[in-house]
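Here come two complexes built around subunit A, the first alongside subunit B, the second alongside subunit C.
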Partner chain A sequence: MFKKKAKKREKIDIVFNIIVIFFAILSLFPLYWLVTSSFKNSADVVKMPPDWFPKTFTWSNYADVFSNQPAFTWAYNSLVVALVSTFALIIVSALAAYAFSKLKFKGKNILFIIFISSLMIPKEVMIVPLFRIIQDFGMVNTLSGMIFPNVATAFGVFLLKGFFDTIPDSLREAAKIDGASEFKIFYKIMLPLAKPGIGALFILNFVQVWNDYLWQLVVGQSKDSKTLMVGIATLMQDLNPNFAYKMAGATVAAIPMLLIFIFFQKYFTKGITLGSDK
Partner chain B sequence: MFKKRFLTMGLATGLVLSALAGCAEKESGNSDVDSDSGKEVELRVWLTPQWKGVLDGSEEGADYDSFFKHAAERFEKEYKDHNVNVNVEVVAGDQRDELLNVNLNGGTPPDVFFESVFAMGDYAHRGALVPINDIVDDAAKNDIAQNYWDNVTFGDDVYFYPFSQNPGTFAYNAEMFEAAGLEKYIGGEEEIKTWTLAEYEEILKALKENLPKEKYSNAYPMGLFALNNQGDTWNLAYLRMFGNQFFDKDGQLVINDENGAKAASWMKKIYDAGYTNPGAESVSSNDVNAMFQNQQLAISFTNAILFNNAKADMESGKAPKFDIRLANIPSESGDPLSFTYVTGAAVFDTKDETRIQVSKDFVKFMSTDPELVKASKNGVPVRNSVVEEFSAENPFFAAYAANAPYVFNFTGNVPGYSQLRQVLYPELQALYTGAKTAEETVEGYQTKGNQVIEEAKANSVIYK
Partner chain C sequence: MKIIKESNKENLTGYLFVAPQILLFLIFLVYPIIEGIRLSLFQINYQDEVFVGLDNYRKLFSDPVFIQSTINTVIFVVFIVALTVVFAMFVSAAVFDKNAKYVSFIRGAYYIPVMVSMVVMSMIWSFLLNPANGLIPFVARELEVVSVNFLGDTRLVLPVIIFVTFATNVGQAIILYIASMIGVPKELFEAAEVDGASRMKVIFKIIIPMVKPTTLYIIIMNIIAVLKIFVVIQLLTGGGPNNASTTLMYYLYNNAFKYNQLGIASAVGVIMFLITLVLSIPQLRAMFKKD
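Entry: the complex of A and B
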């Protein structure tokens, strides 16, 4: 009886697995099509019936993307902006989150609510005043102009405070009794324990900054100060009939993010499921 | 371990941040230039992609900014009143309004913008541009026909210096016509063929039925698109096919009449008959252009620059080669429906008198210098002198000139034209998906469009 049930369950699992695999293939197909098309010539991309795998394999589309446009500069800019603003955000957020979570000071809760409320303001609303500030600092067409506004966001504080809250206060108290300073407690005890949260914040913010379009567009106005997303978008708008060339541009923009996701998947999932378990 | 890594990370970030902040370049073109001393003036010249090269796309290193960088270099050398530095930036068409609006709100508009007038007219209505009547002299007025001056005049003032024009037509694949047995409808290689509406319907039908499937698999007779506002001028032309007046003398839309509904009904009819690509509501003009160049469409929209680019792409092997020719958009009356994009430079009101004056001088320089104006041959020159000089080299100049009597002003120079463009394509999407009838489509467009125009009129400095 029990064996029969197990066998039945196994069969159901197989069916479900087949369905899951089918949908996984289905959702991966656009990516497959994007990458393989970028190695075709223009006519082959629109051929009917389509070549499911490139019959003629060419690197020329990539060569064109990198030779016609400063794509390496754009990629470098994107990497610097995403990495530096993410590291800076982590430092600033961790300090603020620790204070909100563990320190006692007057108006803490109100201050935290104000912080969190800022999350409700869409970034688009702040574009013009923010642009004026950046302009007054002479940071238009600079990477720092793209970086600084990304450091001052409340999301990191909100996320990391959740992690610090889960760490027992007794650890801090014990360290204090042992004579540790507040900063020592922060970086020696609390930070290592909040590592999963920092990882999640890193990946979430990195993805967000990498994919940011509007702010990077208005700050990076000269060709050499554009980021990859903005630069590649100009390729897409070009009235160029060569779809393979555009696919190559889109692949260049997508690959770094894909790699980041593959390597940091654990943290990414952690970030998404944050707060879902008790 | 983690502590060390964190500290290293923090230090590295701090170092990079301070380095980056230190490297921050001063934004050029800001009001802090030394304009009062009359020594240093920094101008920002922006343009959307127009043509590559100084005079020709075949030049080595030809790019969209080549001409303007060359003009800027000469201006910097030849200008005597101030020591001028001109920075040229190419802005993608889709990014233009975002960049301009943020910079206008930030008080740092560019000094000069080179673009199609229709895309920039709203900035004149908003008071963001300065009139340039004072740099237009009699020599220019005599060399450039009045209809181009009308195109760049808002109220009583000239806001753009006409440089070239870019007439919109159809492009067709003569080889596909031949394959469908339509030889008698093929025009000359240097002709803009005019078909009657009845002939055009016959052409579409024959292409649908007779195009050999083995050679042109997955091909359709005509390109139709309504995904966004790109290329909407052709859709506006189709709506005039049955003789609609479109704008009345007060600048109000008057499309909601029998002729307007007939035109919308015609668009739906050819769509339903399968004479166009499917899914027009989710297809953009860029897609249609690419489909045409990949021989999936026999007839598509084009303009002089797109046409030249398409031929250049074919010559260079970037796109499949075929016999591409031009035709007019047909109408029920038999007269061609013709429109043109006048391109030219405008001067923004930067609130800095010196910069505005130098900007005007730069615009005059690039728009009148005998050598520089030759670059207008990349589109169609607005200057008769340039047309004459290059008509032997480009026989289409004469063909475009022959269309001049049929040119309609598609914007009506009404305020709020940019927003008006946002109203049309959702109505066309509703038409193609069957959510609205032809009558409802034109009614919806007129009602919503006139609301946009009224609101824009209230804010227009020209209507005040």
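Entry: the complex of A and C
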């Protein structure tokens, strides 16, 4: 009797899963095409019918990307913008999230509601006034200009408050009786306990800033102040007709994120889901 | 007396902890919103600002490119969000109760395009779709499909962009759905099994109703994400052919940074801001109900 049931359940299940696997492979195909194309020479890359596996193998497209374009500078800019934005966001939002979760102060609830209400508003819709502020601060073409608006998001507060909420208040009260200052409690007790949340926030935000485009495009106008995503995208308008060269550029931009994903998949799943069920 | 002092001290500590966040929030979020509304009422020429009331808005609604941008954005939102929800639901319902390695492979395969970003994916698709030497037009010619200029044809350009955007971003929804489905109480499935319910019945009667909050979240997040769709337009079509694929964000960007029409661009920003505000109300309500 059990066997029969199991069989009946599997039939449609198998069909569904075959479809799912088929599309999963299809979904990876563009990336396969990207990486293999980047190693082809300029003639092979546009040959039709194509070589499904590259027959020749060349690094020259990568050499061209790094010699024709300030790609190292772009990568460095991206790294600084993503790292500094993320560190600053963690510090600022951990402080605020802790206060919203554990401290009592007047206007706390209304402030929190205002913060959370801003969660869904993309900074892109305010790009004109934001750009004028950056202009007034003299931050056009600077990394600081790209960083500041990233730190102003309420996302970190929202995510970390959930973590602080799970830490029992008794810990804080015990430390208080021992005479610890509020900041010491935050720094020595609460922050270490919220580590998984901070880890998830770090990865999520780092990737988001690394992959951000429009704001970095607007702020980094000079060639040397561009970030990797913006710089690599300019290759598409490059007069160089060699597609392999453009694909090599795109691969360079993609690899850091692929590595992060492979090593930190656990954190992603955790971080992304946190947003939805809080 | 002492109690009042204590509570004042607590207040002060609380404010000190939130102060950095509030400061940033005021400068880079609240002020830009107010300033954006103000700018939308002015005609701006470098340092010169002339108050024009609602003229910018009036101009917008009489500009066919703006109308086209709005229509396209709505089309993108409707189709991309619908495709994303249905497909992500399908994939997740098929895999969520399988072994962990398999789930993690499926999740990874669909999520990697999200990871490598819309910029990189748009560059790949632009190469794949290139009419002269792209793979897809080649295959289309082999299969004797008539049109191979997918991005140059006004009737094909929207479906192509819908597909590319959907295929790049659906992984996010899949991760959310899988997590949510794994969280559905096991007893429900066991009860269904005792009743001899079919897999389809389990999906429609248990899974879909149980993940409804996730569906709401995915719909709203995706609407807002698609509303500001920009990268794929800039890199694949440049809004063409003949403005057939232009969007609100692309229109805003061009007015602000190409045509130097800051008043007009601000007005578009205000309209988009209001749309996101209205759209986020159901999600906010759901969040506060929980607290």
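Remarks
The criterion applied here is as follows: the second predicted complex is superposed on the first by the 244 of 278 C-alpha atoms of A that agree within 3 Å, B and C clash if a C-alpha of one lies under 4 Å from a C-alpha of the other, contacts with A are read in each partner's own complex, and residues count from 1 in each chain.
Rule of thumb we're sticking to: a residue touches a chain if its C-beta (ideal position, glycine included) is under 8 Å from a C-beta of that chain, and two chains touch if they have at least 3 such contacts.
Nothing here was measured: the structure is a model prediction, and the numbers come from that model.
Placing subunit B and subunit C on a common subunit A by superposition gives a clash between them. Using the contact criterion defined above for the overlaid structures, shared-chain residue A:S93 touches subunit C, although it does not reach subunit B. In the superposition on chain A, A:S37 makes contact with subunit C only, not with subunit B. Of the two partner chains placed by superposition, only subunit B is touched by A:T142; subunit C is not. When both complexes are overlaid on chain A, the residue A:F72 reaches neither subunit B nor subunit C.
Contacts of A:F57 after superposition: neither subunit B nor subunit C is touched.
With both structures placed on the common chain, the touch criterion links A:F22 to neither subunit B nor subunit C. Of the two partner chains, subunit B is the only one touched by A:T234; subunit C is not. In the superposed model, A:K188 lies in contact with subunit B only, and not with subunit C. In the overlay built on the shared chain, the residue A:L119 is in contact with subunit C alone; subunit B does not reach it. Once the two structures are superposed, subunit B and subunit C can be ranked by residues of subunit A touched, with C on top. Between subunit B and subunit C, the overlap after aligning on chain A sits in one stretch of 79-87, 133-141, 151-159 or 223-231, namely 223-231. Under the contact criterion defined above, the residues of subunit A that touch both subunit B in one complex and subunit C in the other are 46, 48-49, 91, 127-128, 131-132, 214, 218, 233, 243.
Listing the residues of subunit A that touch subunit B in their complex gives 42-43, 46, 48-49, 80, 84, 87-88, 90-91, 127-128, 131-132, 135, 137-145, 147, 187-188, 191-192, 195, 214, 217-218, 221-223, 230, 233-234, 237-243. Residues 2-3, 6-7, 9-10, 12-13, 16-17, 20-21, 23-27, 30, 49, 87, 89-95, 98-99, 102-103, 105-108, 217-218, 286, 289-294, 296, 306, 309-310, 313, 318-320 of subunit B are the ones touching subunit A in the complex.
By the touch criterion given at the top, residues 7, 10-15, 17-18, 20-22, 24-25, 27-29, 31-33, 35-36, 39, 90-91, 93-95, 98, 104-113, 115-121, 123-128, 130, 132-133, 135, 138, 167, 171-172, 175-176, 179-180, 183, 193, 196, 198-200, 213-214, 217-218, 220-221, 224, 227-228, 230-231, 234-235, 249, 252-253, 256-257, 262, 265-266, 269-270, 272-273, 276-277, 279-280, 283-284, 287-288, 290 of subunit C touch subunit A in their complex. Subunit A contributes residues 5, 8-9, 12-13, 16-17, 19-21, 23-25, 27-28, 30-31, 33-34, 37, 45-46, 48-50, 91-93, 95-96, 98-100, 103-106, 108, 111, 113, 115-133, 148-149, 151-152, 154, 157, 182, 186, 207, 210-211, 213-214, 218, 229, 232-233, 235-236, 243, 246-247, 249-250, 253-254, 257-258, 260-261, 265, 268-269, 272-273, 275-278 to its touches with subunit C in the complex.
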